[in-house]
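See below for the structure under consideration.
Going by the order they are written in, the chains are A, B and C; count residues from 1 in each one.
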Amino acid sequence: MQLKRLCTLGAAFLLLPVCATPALAAEEIVVNEDISVSGDYDWTRFANDNITLNVYNWGLYISDGSDDSVDVVSAFEELTGIKVNYTTFDSNESLYAKMKSGGASYDVIFPSDYMVGKLIEEGMLAPLDYDNIPNISAIGEEYLGWDFDPDNTYSVPYMWGTTGLIYNTTMVDEAPTSWSALWDVQYAGNVLMFNNSRDAYAIAAKRAGLSLNPSSVEEVDQVMQDLQDQKSIVQAYVMDEIFDKMEGGEAAMAPYYAGDALTMIEDNPDLAFVHPEEGVNFFVDSMCIPSTCKNKEAAEMFINYMCETSVGYANCDYIGYSTPITAVWEMLDDDLKYSPIAYPGEDVMSKAEVFVTLPDEINAEMDSQWSQMKSYDESGGSWMVVIFLLGAVALSGFNIWRKLRKKMRDNY
Amino acid sequence: MLRSKASRWVAAPYLVWMAIFIVVPLFIVIWYALTNADGAFTLQNLAEIGRYSSVFARSLLLAAEATIICLILAFPVGYFLSRLRANKQHIMLMLVMLPMWMNFLLRTYAWMTLLEKNGLINKLLGLIGLGPLNMINTSGAVVLGMVYNYLPYMILPLYTAMTKIDDSIIEAAQDLGCSTFQTLLRVLIPLSKPGIATGITMVFVPAVSTFIISRMLGGGSNLLIGDLIELQFLGNSYNLNLGSAMSLALMVIVLLCMSFTSSFDEEEMEGVM
Amino acid sequence: MKTQNKRLLQRAYIVLIFGFMYLPIAVLIAYSFNENKSRTVFSGFTLDWYRSLFHNEMILSALGLSLVLALVSSVLATVLGTLATIGIHSMSRRTQLIVNNISYVPVVNPEIITGVSLMLLFVLLQKAGIGGEGGIFGWFTLLIAHITFNVPYVIFNVGPKLRQLDSSLYNAALDLGCTPRQAFFKVIMPQLTPAILSAFLICLTYSIDDFMISYFNCGTMQTLPIAIYSMTRKKVSPEINALSAIIFLVILAIILISNHMDSRAYRRNQAAIRKGAAEV
């Protein structure tokens, strides 16, 4: 439902003349030539408190100053006097594991929709104080109020996007239009696959015409079987390694996030992207504050900063994902602004589905099935273990016997 | 000497350290392995490992392959090095160790560049009209990565053991009519046994538990025990208890493997380390 | 004729093995000069990555952390380990065996288990409220983890040396009126110093290169290997290649210089011996 609303609103933007004038530019604080932030926010109140914020984000998910981009993190440090310790993760699940084990405490994290829901359920997020995040008003309304956090008590949208199929036009006979291409034997050894359970599951489920949110354990087992069958075709299970591999022509096709596809296509024009006809996953990556955060107000300041137009623009320009900030979208170059990859039309969005937080039981099944799928070996070979164990036991037995014998001999 | 009661106390800080940071963590692993998420006693985690026996089998097999290849490659190297002049030995040894000082992730990453479909090796083969070979993301690539990363661990103990073999012994064997092969079999190998034993453990143990090499060179489909454990602790399937049970199983495997080497005299082992 | 062939074969084999060992490093260094960021295409020569390396705060701070951590943990591990060795030496044979066997655990245990088990311990301590609000993970857990896996290497390096020492020297010192403390520092220590130094170097190497144990115990900190790991999962910036090229050259230089000094000392020694022999 909401997706529809989103599309119509998106369409409405196209029709409206650009009316948002940069209001009261005089009040803006200019940090550097690319970054300037609103002047009616007290950015410097923690300048002398010697605070360090631990920010945990996806890899390659911020404009970090490489490739002549804008370094938004260091601009934040310059602006506020707060130090940022910026580290990265590569999947929602590893973010969860790291937080759950207590192995680290972060101040700002960037989980996706269903993980936000899961973290809320387990009481791992702190409610946000929107007095410190006035820029929430910059976020387009259609990106707020999703099921995983209906009142946005805990999360502020950072980027959104869709999944799809990225392929190398020189390596496929005809452009794929369906997820089934990833199961096509003619591409055996030429297919890359998501290395995280939820995204991989979503593809197999969509291909089978099912929802990407399984409703029963049996459904999980059935879809995971498809993933297991796919194993002989898959060259490698990857996450961000995909950039190098697809750009270098190592594989013919791979499912990935639309925003990253744009980056890859820019680097290697042979690549192309399609939203498969069975439907795709629509996701919203959000900014949240863990309940263990020590400097919540400073963390909220960081989130507010990330919603500044100039910052949002820098990020959007660099990472290629779709922005929820209306003013940023308006600033984009036309080819990105109207790109069917980043901002797909009604035909794609009507078939897109959002991840919901799964019940524990189904989640556990998915996790364990995923481990098993990954460890499945066609050639079998489990008998090896038995032989090895027997051999080892025999050997250590022999050793003990030998030692005993030696001792006996020494005694006499 | 130095055997006064008082000097015993200087070990006290270490003994406390050892108790807290070596012994206690091991018991925690065992405890986690034998309980479920609610802290109740269970054997289910251990039973569940059975489902992953193919991973254990693959890890053992690949690590064993890598160890044997390392041994075969390193044996002549150790021998040749031990026969060099003293000052030459020194620098050659340093050159063996030098790659170990480079970050091992980066070295493995460099192998990706070499092995890929459009990688350097295939490009070279292409120049002479061969290939392309399919090398990356196979179990062969994983073994190669293991051999490459752990070869120095095999060379060093072999070399140390062989420096203790006097030239005259080998000459004597040859004078007494041994062929090269017989000298090798009857003299060299028996005398370098402690080195072989240490080398085998030092290669096999890290090889059987690695998760980086299989991820980078094996494409994530050649899952090893290390990957499986990492998956439970920091990855997709968050399950500390199952992960601990797997760690326990791995530990048992390693201990069994150590029983190979423990059959050699302890003093000898230490000298080689 | 035959021996010459044999020698040639030996040489060829050694060259082959060394080629195998240095091939990836050559690739690594070559790509630090690549204009293109890509791993597959070599588009042109540039030194830009060396320049930008010194502006990359992430890499530099990770390198800094790694160096400080390695240094501090190696020093502490060496002190702790040397004391332990001396203490263990004066224990009964049976206790020695037990302590040594336990000390072996971090050496023979797969790194992943050492890392994981320490992490579990720290998690428990954290649950018990140690470490305060911010959690226990960070600099101290890293330091403890590094010391823990380093100490055994010290014990197993210094231990055998201590056992080989001639105890009569120590007793002689005592007879000549040294207090046990003096005897220890003036007689025993100087003889142990080479072993202690080499143990320290081993600790340094292991600590700088350790990834797995740090990975589980680092909290939000990033040592160099962890930073590199997070890069190998996306794109490794050629700045890292540049850094490793520099490290490689520095170590190579150290090796060559020390070898040069060694062989000079060796020659001088030989000359002195010859001279002595001639005088006699």
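The working rule: a residue touches a chain if its C-beta (ideal position, glycine included) is under 8 Å from a C-beta of that chain, and two chains touch if they have at least 3 such contacts.
Fair warning: this is a prediction, and the values are worked out from it, not measured in the lab.
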item: A-B compared against B-C, more contacting pairs; value: B-C
item: Farthest chain (mean CA position) relative to subunit C; value: A
item: Computed distance of Cα centres, subunit B from subunit A, in Å; value: 35
item: Whole-Å separation of chain centres (CA-atom averages), subunit B against subunit C; value: 17
item: Residue numbers of subunit A (touch at least two other chains); value: 101, 103, 248-249
item: Where subunit C touches two or more other chains, by residue; value: 39-40, 119, 216, 232
item: Multi-partner residues of subunit B (each touching 2 or more other chains); value: 116, 118, 233-234, 240
item: Contacting residues of subunit A [partner subunit C, same complex]; value: 54, 56, 59-60, 66-67, 74, 85-88, 90, 101-106, 239-241, 243-244, 247-249, 267, 292, 294
item: Complex interface listing, subunit C residues touching subunit A; value: 37-41, 57-58, 119, 122-123, 126-127, 133-135, 137, 216-222, 230, 232-235, 237
item: In the complex with subunit B, residue positions of subunit A that touch it; value: 91, 93-94, 96-98, 100-101, 103, 189, 195-197, 231, 234-238, 248-250, 367-368, 370-372, 374-377, 380-385, 388-389, 392-393, 395-396, 399, 402-403
item: Of all residues in subunit B, those that touch subunit C in their complex; value: 1-5, 7-15, 17-18, 20-26, 28-29, 32, 73, 76-77, 80, 86-87, 90-91, 94-96, 98-114, 116, 118-120, 148, 151-152, 201, 205-206, 208-209, 211-212, 216, 226, 229-230, 233-234, 240, 243-244, 247, 250-251, 254, 258, 267, 270-271, 273
item: Contact footprint of subunit B on subunit C as seen in their complex; value: 10, 13-14, 17-18, 20-25, 27-28, 31, 39-40, 80-81, 83-84, 86-91, 99, 102-103, 105-106, 108-114, 116-121, 124, 144, 147-148, 151, 156-157, 159-160, 165, 167, 170-171, 180, 184, 188, 205, 208-209, 211-212, 215-216, 224-225, 228-229, 232, 236, 240-241, 244, 247-248, 251-252, 255-256, 259, 262-263, 266
